[in-house]
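Structure incoming, see below.
By written order: A, B, C and D. Residues from 1 in each chain.
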Amino acid sequence: MSWIMQSVMGRKALAGGKAGARHTLTEEDQGEFHYVYGPYSEPVMRIAPGDVVEVETIDAFGGLIKTEDDKPSELLNMPFVNPQNGPIAVEGAEKGDVLAVHIHSVLPRGPQPAGTTALIPSFGALAADANMMLNPGLPERVKKMEVTEAGVKFSDRITLPFEPFIGTMGISPEIEAVTSLQPDYWGGNMDLPDVAPGAVVYFPVQRKDAHFFVGDCHGRQGDGELCGVAVEIAATVVLQIDLIKGWSIPGVRLETEDFIMSVGSARPMEDAARMAYRDLVRWMVEDHGFDEVEAYFLATQAGKMRVGNIVDPKYTLGASMRKEYLR
Amino acid sequence: MSWIMQSVMGRKALAGGKAGARHTLTEEDQGEFHYVYGPYSEPVMRIAPGDVVEVETIDAFGGLIKTEDDKPSELLNMPFVNPQNGPIAVEGAEKGDVLAVHIHSVLPRGPQPAGTTALIPSFGALAADANMMLNPGLPERVKKMEVTEAGVKFSDRITLPFEPFIGTMGISPEIEAVTSLQPDYWGGNMDLPDVAPGAVVYFPVQRKDAHFFVGDCHGRQGDGELCGVAVEIAATVVLQIDLIKGWSIPGVRLETEDFIMSVGSARPMEDAARMAYRDLVRWMVEDHGFDEVEAYFLATQAGKMRVGNIVDPKYTLGASMRKEYLR
Amino acid sequence: MSWIMQSVMGRKALAGGKAGARHTLTEEDQGEFHYVYGPYSEPVMRIAPGDVVEVETIDAFGGLIKTEDDKPSELLNMPFVNPQNGPIAVEGAEKGDVLAVHIHSVLPRGPQPAGTTALIPSFGALAADANMMLNPGLPERVKKMEVTEAGVKFSDRITLPFEPFIGTMGISPEIEAVTSLQPDYWGGNMDLPDVAPGAVVYFPVQRKDAHFFVGDCHGRQGDGELCGVAVEIAATVVLQIDLIKGWSIPGVRLETEDFIMSVGSARPMEDAARMAYRDLVRWMVEDHGFDEVEAYFLATQAGKMRVGNIVDPKYTLGASMRKEYLR
Amino acid sequence: MSWIMQSVMGRKALAGGKAGARHTLTEEDQGEFHYVYGPYSEPVMRIAPGDVVEVETIDAFGGLIKTEDDKPSELLNMPFVNPQNGPIAVEGAEKGDVLAVHIHSVLPRGPQPAGTTALIPSFGALAADANMMLNPGLPERVKKMEVTEAGVKFSDRITLPFEPFIGTMGISPEIEAVTSLQPDYWGGNMDLPDVAPGAVVYFPVQRKDAHFFVGDCHGRQGDGELCGVAVEIAATVVLQIDLIKGWSIPGVRLETEDFIMSVGSARPMEDAARMAYRDLVRWMVEDHGFDEVEAYFLATQAGKMRVGNIVDPKYTLGASMRKEYLR
């Protein structure tokens, strides 16, 4: 895993990719799940930088939606949705450090893997009531899909690739405790398909021991998470969590073997796009030796933009650059 | 080219992909270029549906920026930028029809192919003066790049793939004449990299004989066209222009062998995203037999979103669906 | 009317408020009305700076909606809505000048004054179909109101003040011809209630003789023109049109006896707000001796913001400063 | 104060405007101030519905900026800005109730009343760095102004009216703890000049005993709070806090003797405008007997929109209707 270090040249992770102890956080261990990213809850586990954690997550509905006849409006109890595992305290982490989370795997849990999507009242990118219109809502609807490593069975005719990722992951803000439905500079509900096995995600630590949260796995998702609900699954997630001391970043960044990506979460959507691209330009300047205008030009000609979500309290976009152009 | 018809099943193009006469529109034939998409100019050429046209375009600066020492602010004379070839009258086209434009090729013109990008005062996604801020502008800067079919030479170290496309293309509005810098339901300055060789682009005809315009080719471009100026080139474009009678579409659509795409141009960016995705959902319902909610669900799980431009008077995004999921 | 000059100190209008010849442009004189602001139509009248013009306008629907049982969706023929009188050529006007239009009066025409408002499919700030949602539309509905100088009879119970203004007014762009439904730097469909009797409105001339248009009067309107349709009336408008040579302004400005106002038309709404306020700050610097930061501070503590429309192709906001703070 | 009840006909406040006990919360009583609106802090005081509270607030900078030579970037320690008094527990309040806060007075504290405004790096509506641009920031600058009931002395030449109001006020969310810089459905940093003496402000209670916060008073402010910093003052605030059982409202509402107002906080700005106007329409339907379309029409012709802030994490706008049109 030495490739992790490629883009953070000179930035020294404590474990440097070498795996430390292995921990397991089962659904039972977790006990009570969390609905905010914040500093006001006790850690459920303490780990050292470099340790590997296997976490049993439950789906964004807490498993309450069991059949296509269920009514989300009756079963869900706002704001108690999108339950999160954690917080996991990472020893030695302080404000001004970066938590580097390497995603090893995301696999559906249980004998009868079933993903859920739904039309939920007052939610979704094309739903009038979610967007301050007077019109009556769209119909309420639940769809269940079999999810295995072989694919997501959308219908008898259509099987979509299994491309799992973590919808919600991040660290505690310093003094805020914010709904796990919202993405922001601390991560949270980014619903960004690049937060997937193979990626290393960087979070700017805001408080002592970081306090890491994770949940809301998706069997797959299109760009934008249009109706607001991806292929929601309970999953087993394996992560290696490392620490980079003294790296100050303004928000979430990530990298894969192929590219580096800056993540922006904001409204309107162009603010998220600008936030992501501005940070990418600055990252290219700080760590990759570019002049600012050259970085701006290269992002113009070769930058890629991923639309994560256009439905959450902030929209999330990722701006990326292939590593082959970085040196 | 029978694949053109795959997604427009039951929609009968007059020529159906069979090439008719071949026309050439040289820079000299064109004479005066146009800076608006509108009905107030005389056609420079008349063609029949199915005809193939080879067009010599000039770059978005009309070739005025020749060296890296040139100052765009001195050489450019607003609003006379982004010069367009045309209008080409397509016989038989009427309001309520669709012009189907198959892009055969886009190749750089001339013995010394040189692409231009630039930081231009009051322009660009990350430029304060372009976005209503009080701060002084970024530096003015020009960059020239060698552009051949082998690649775009960004710097001694970096050669980017040659992935040419047409930045500005479309048909005349019915009574408006709008700057060629703006994209809209008639096409125009979409700066969308999918408008590339192999694609068929569909435009909703607004007036008799359609009056087709084209120009502003790019050697390549990143998502969003961040600084506002792609790899601008003079190019030779080969297009086959066909007509589909009685197909009413609300804006630009396109398809390739792999996917269908609906295009939205609007501000803020989420309105462009919604416009594109809503049209994709409706297209899936109208032509591909989906129930509206099922189409909405499939777009949520498998839709792809391309960010074309986030710098022009309207931002352009494309929402697409792979054809393998359409039947 | 010497007060006109208060805020444009040193800026010399040719007539300086002194009325020249008086012209009348009746509905019959006008003949064909216009649906775009552009340079491609012949002037219906030529005047000298300082002349007074009395214009008979028709309502935004061209008078087609006569009763509350009428269906706008059947009667209106897009894009032929919002008919405009003009263009009126103003002799001597050139790019780089300002047309100063003093509004003397706006009065309802005809023996049976009747204002119209309506819910029109795919239109309005709270209508799903107008804002890219999937939901079905709101009901279609027409409301007729008696409009006299005594008031607007909204219902048996509610009579609203008669506070007439001009919804659409401005000058031709240089090469564009843009729908009269859109506001922009040339004026157009601003739907800004401050464009009312007593105000002087400044437009940046874009072409020889300016080519002035006017239409779309309102008996009154709330901030934002929420459903998209104000109290639409046919009206008789009296204007004095003067010329200020060599004053370069980036967009529409206006003044009354009490305040100066900069107008911004853009999407999203914050861009219109910033456009208006930035121009106000710059106007305070250029003509009123403020340091830029002091102007920014004063606008922060004493600026007023009028929301004109949040329904047209661009939203229009006005940022104003009371003259008593300007010296 | 029986007028309080006019617009909430049938909605019975427990005390109904009759003053109960009087409490004082001095700066010393408060001790530690709060920087989040949330449920994780202990009440500093408990009151009964109808009680009157006099609160000593400190300014948004915690009094740290003392002279025009001070540097906010050195003195401020994010996120510890905008300190709040409270929480005040209101006995009997539960989710589904409304806290009705009548503002009696807002007066500057201390012998040398001094208001502060400032240009702060990365903040302000026209500041590049606050809005994701690459440009370098505007200059840092502090301005002190004498603030008395006689006026705000902006400069030797300009004295602005003293029009004090409360910038930040509201109740705790149920499980979130959100920065006091952000406005939302619970109130918070609305920076809305209508939250002033004479108004009654309604907050939707989210948790047991409501937990009320208040701070951040302004000597005055223009629409939008353009540079992000109003005339910031330490103030003594007198409030009567009443409770309306069983009134479910989606966000903040307020009323004065003259009008009712719905408040929307969101980005982009049009979403705040729509949120405010949609709630106003629904309020007119629920409590004032309007048909929805009639309410929509009346808001179109007679609604007023106040722009509170266009600088905070969410923008705040208020949509209002004069009471004379409500019956």
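Convention: contacts are C-beta pairs under 8 Å (C-beta built on N, C-alpha and C of every residue); 3 or more make two chains touch, one makes a residue touch a chain.
In this text the structure is predicted, and so the values were computed from the model without any measurement.
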Partner chains shared by chain A and chain D (touch criterion as defined above): B, C
Chain whose Cα centroid lies at the greatest distance from that of chain A: C
Pair of chains joined by more contacts [C-beta pairs], C-D or B-D: C-D
Copies chain B and chain A - interface residue numbers shared by over half, same or different: same
Centroid spacing, where centroids are CA-atom means, of chain C and chain D in whole angstrom: 34
Whole-Å separation of chain centres (CA-atom averages), chain B against chain D: 48
Residues within chain C bordering two or more other chains: 126, 131-134, 138, 267-268, 274, 278, 281, 296
Residues of chain D defined as touching chain C within the complex: 117, 119, 124-126, 138-139, 141, 143, 152, 154-155, 157-158, 160, 220-231, 267-270, 273-274, 277-278, 281, 293-294, 296-305, 307, 310, 315, 317, 319, 325, 327
Partner chain C, residues of chain A touching it in the complex: 126-129, 131-138, 268
Parts of chain B lying in touch with chain C, wherever the complex brings them together: 35-36, 38, 40, 79-80, 131-134, 174-179, 264, 266-268, 271, 274-275, 278, 281, 292, 296
